[in-house]
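These notes open a run of structures that come right after.
In the two complexes that follow, chain A is the common piece, with chain B as its partner first and chain C second.
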Partner chain A sequence: MEKNLKLFLEKTYNTVLEGNKEEAVRLAREALRSGYDPYLVIDKGLVRGVQELGKLWEEGSCFLPELVLGAETVKTGISILQKRILKDKSIKRSLPKIIIGTIEGDIHDIGKMLVATMLSANGFEVIDLGVDVKAEVFVKMTEKHRPRFLCISSLLTTTMQNEVKVIEGLRKTGLRGKIKVMVGGAPASQEWAKEIGADFYGENAISAVRITQKESGYEKKGG
Partner chain B sequence: MKRKVDKKSVLELGKERVVLFDGAMGTMLFSYGLQFNEPPELWNLLQPEIVYKIHHRYAWTGADVIQTNTFGANGVKLKKSGYEKKMEEINLAAISIAREACPVKKYVAGNIGPTGEFLEPVGKAELKVLKKAFKEQARILVSGGVDLISIETMYDLREAIAAVEGVREVASVPLFVCMTFEKKPKGYFTIMGDEVKSSFRKLKEAGADVVGANCTLGSQEMIDLVSIMRKCTDLPIIAQPNAGKPKIIKGKTVYLQTPTLFAEDITEMVKSGANYVGGCCGTTPGFTKVINEKMNKLRIKKGPGV
Partner chain C sequence: MRKRPRLELLNKKRIEKIIDEALGLLLKVGVFVENKEGLKLLDSAGVVIDKKKRAHIKNDLVEKCMETAPERIEVYNREGDLSLDLQGYNVHFDPGSAALWIYDYRKDKIRAPFTSDLIKFAQLTDKLKYIKAQSTALIPSDVPKKMADRYRLFVSLLYSSKPVVTGTFEKESFRIMKDMLTCIREGDKNLSQKPLAIFDCCPSPPLKWSDLTCQNLIDCARSGIPAELVSMPLTGATSPVTLSTAIIQHTAENLSGIVIHQLAKQGSPIIYGGSPASFDMRTGTTPMGAIETMMIDSAYNQIGKYFNLPTHAYMGLSDSKALDYQAGLESGIGAVLAALSGVNVISGPGMLDFESCQSLEKLIIDNEICGMAFRLIEGISYREKNPVFELFTEEFLERGFLTSAHTLKWFKEEFFFPSPVIDRLNLGEWEKKGGKTAAARASELIERIVSPDSFNLLPVGKKKGLYKIINQDARKYGFELELKKRFKNI
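The block that comes next holds the complex of A and B.
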């Protein structure tokens, strides 16, 4: 890898760790001007940064503000680089789609937002249905968008029962076998996922990313 | 209804012996049929007899301090469910229910929880808006005659300080503040990354009389946190852990921890320096009863560290 590019990727990576959105905008534009491969910049600069933040968060060396700022920095950078990707058919690649939302009766936004942000910062196309989402809406949107994953969040033990209705709805419409369902939120657990017939339990935003990446066959290349 | 009773301040009592706070209100209301999306505080108006019953059971199983059902009764939070116009009514009703439900020698704490909004960079809430909401709620709580104010479950130090400052602008009553800390490999932190020592220092500067932790942690982890908290401040300490992590078994929420185990852990917290103890999510009057029995043996003449 040429020296300038290597230095550039390192700068991009650090920008994410610092959560500097303005700098990310500047670097993304510079990348386009210099003709760097936008995927490489996303992969080895931005996403590598947010993954490092994820590690730091898990070990308790950084917290929600740093994680949110870092993820937003990545999104800002990606949004600029994506314009080039969409224009240039030779480098077009399809990103796995994910639908996410908080279940009916529950208006908790923060955990779901963090998972959505981290997923999109890691290169997925995320459709966020918001909070208090009815089971029928989850099913309808799955039918419409055909995502690879459906992520359902619940923070209340009372409302998490509504997740069962989503799974039933998917079964009835014949969509169940076509997507993977992941549940998350404070009261959810591996046992809960199993009990309602979901595929995965995502313990936190980082594990949600890990699971979806693994399942999409999207493993990080070395170097 | 206000009754003039001659009793020592809860802070004075805390110097003489360990003081027992009540247990959960929210999870109790759910067990009585509170529906999701229904603000628990609304039951002060709609189902006062159930709120009364819960307070009554806590008071008669041995709690010294009863906390009003006003955790989410600040203007910012009530606005989300469309009940902000009923803010004063809800808070005043909560105080009369608590007063009616417990003997006069017990203490009624005006309970204040977070607004549920996030400050920058996670959210877009403005600190001055939050502070105004806390000030307004505190003004009503004090006008209703609470003996103390207990601020709980604060996950952002900035919001906690806004609450303390808001209260202090209108009230000189004893002020208890609980942050909610998570256990991380490097220690205990709020989700925003606030650590114990600097949080407690700043809360004290802002005017808190007692500092501590509630929610998130089960009683086992809380023992460890209490010994850390004891080293971090010269103020009295309060600890209100959850009854473990909830499990969903056959569609029902179950807290697997037993009152006996919980009470054993509480006594460990007292040995580690907690001056005020109680329970958070999942605890019931059954827990209070067992803690009270154990504490009757343990209650000490002087609270440690004060």
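The block that comes next holds the complex of A and C.
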């Protein structure tokens, strides 16, 4: 790897650690001007940065606001680099798609927002359906977008049972076998996932990223 | 003469500033209301509702509604005796509610609870001296999920006489749960005159009332069942990060709840409560044992008292997953601070793992904490009428005071005597008795304490009445045969 590119990627990586969004915009534009491979900048600069933050967070030396700010910095950078990716047909690699939302009756956003941010910062295309999402909307959007994963969040014991309806809806429409379903949120658990027939339980945002990366084989490519 | 020790974190000026800011928040930002009936009530009262369904509530309406909310709420047990007198600095403890898990001490494992666990929990709560109300503490995993909320109330009413702190998971549950309460009281009017339950109604932070919780609030108001506001800002996550701003948001959410509630029915009983938490910036969890959580609780309780309303808080519980040092310290600090703050309803005993896991052993240990907290708020009395030097006679100066008339007169009143759960033996004695931990001693006590008394005291007609209500419900979920098997003793 040429020295300038190596230095550039290092700078991008540090920008994520610092959570500097303006600098990420500047660097992404510079990458396009210099003709660097946008995927290389995403993988070895931006995503590597957020992965390091994730590691530090798990060790207890990085706090959630810093982690989220880092993830948003990555998203900012990716949004600029993606424009080039979409234009340039010679670059082929479609990022796994994920649909996420908070279940019907529940208007809690924070946990779902954290997971969505971390997933998109790690290179996934995230379709966020928002909060208080009806089971039929989850199913309809799955049919429309054909994502690799469907992530359902609930913060209340009162609303988590609505998640059963999503699984039933997916079964009825023949979509269940085609996607992986992950549940998360305070009252959810491994047992709950098993009970309702979901594939995974994501205990936090980092764990959600790890599961989706592992399952989609994206882990290695992402470095 | 004695002084009741009090904890006050805010002075009057700061309380008024917080209220002023909260009123500004209600007017300028407004509160989101999802429920149609709630919006209609607000609209009829002249509240401006914007395109985003945010109700911008003016100060004068808040003041009007605060005036009609009662200062005192009395809650009665199943037999109709006064159990909770919610006013002033009166303190009452009840177990933390709606746990998804139970800590199985014998298996040293956290697992899903069964009906048998809830029965035992209710029977145990019934016997604990310092726990004045029960709660629908566990969500049994062996019933259809759709009917779990009302099934909890059915079991609790059967097996304990104490009033119940509860709540609904579904809109339609309220009617069924109210029917159960009415069955015990033999009529709607009797129920509103002598409430038997308190229903939690939780706004969603920041500044939102979901369809279900707003409906609960309205249903409670109309039936005269006390509603308990459980506003839960999480610092830096679902509210601004500082403690004072979280308290401002809490105040605004509670005030909006009181407005909706009093618009539904003036004079209906409402409790100024909450379950805020200092959001943990490392783990993303909501520690109830964090000192800042307790500081917010204590402070909003002061604001509730400023409004002359009965108050509630989730205190005296722990984030620990085991019956360990952390469980003890967090529960102990919480219960003591809550008692010093004069929180009228303190929900927490028994609870572990934030608000997710109940433990029978912890409930017994926490009962001792509550007893100590009650002793603390009694303060130090000055009982002696004669000069104290008269107590120091030659005889007692030589022999000590163990058998002096003064000792014999006062020792039982001066001291709180814990149950054998609290170890005060010397080392040798402790070893001789098996060298057991508090949890082990608590576990042994459970079997001795739990008894079928309360179940037997409930008249057969009322048992059958409760059964009829839950059986109708069970039929919808194909659960009636199993229900019959489980409650064949009715």
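Please note the rule applied: the second predicted complex is superposed on the first by the 220 of 223 C-alpha atoms of A that agree within 3 Å, B and C clash if a C-alpha of one lies under 4 Å from a C-alpha of the other, contacts with A are read in each partner's own complex, and residues count from 1 in each chain.
One rule holds for everything that comes next: contacts are C-beta pairs under 8 Å (C-beta built on N, C-alpha and C of every residue); 3 or more make two chains touch, one makes a residue touch a chain.
For clarity, every value in this text was computed on a predicted model and none was experimentally measured.
S.K.: Once chain A from each complex is brought into register, does chain C clash with chain B or fit beside it?
M.R.: Partners clash after overlay.
S.K.: Check the residue A:19 against both partner chains and state whether it touches chain B (first), chain C (second), both, or neither.
M.R.: first
S.K.: Touching A:69 in the superposition: chain B (first), chain C (second), both, neither?
M.R.: In the superposed model, A:69 contacts chain B only, not chain C.
S.K.: Thinking of the overlay built on chain A, is A:2 touched by chain B (first), by chain C (second), by both, or by neither?
M.R.: The answer is neither, since A:2 touches no partner chain.
S.K.: By the touch definition at the top of the document, which applies to A:205: first (chain B), second (chain C), both, or neither?
M.R.: A:205 contacts chain C only, not chain B.
S.K.: Once the two complexes are overlaid on A, one stretch of chain C runs into chain B. Is it 116-124, 224-232, 458-466 or 476-484?
M.R.: 224-232
S.K.: Once the complexes are superposed, what residues of chain A are shared between the chain B interface and the chain C interface?
M.R.: 60, 63-65, 105-107, 110, 132, 157-158, 161, 187, 189, 191
S.K.: Quick one: in the complex, what on chain B touches chain A?
M.R.: 30, 35-37, 80, 118, 121-123, 184-187, 189-193, 246-248, 251, 253
S.K.: Spell out the part of chain A that touches chain B in their complex, as residue ranges.
M.R.: It is residues 19, 59-66, 68-69, 72, 105-107, 110, 132, 156-161, 187, 189, 191-192, 195 of chain A that touch chain B.
S.K.: Inside the complex, what are the residues of chain C that reach chain A?
M.R.: 34, 98, 100, 112, 139, 145-146, 149, 168-170, 204, 208, 210-212, 234, 236-238, 281-284, 286, 354, 356
S.K.: In the complex formed with chain C, which residues of chain A make contact?
M.R.: Per the touch definition, chain A meets chain C at residues 57, 60, 63-65, 105-108, 110-111, 114, 132, 157-158, 161, 164, 186-187, 189, 191, 204-205.
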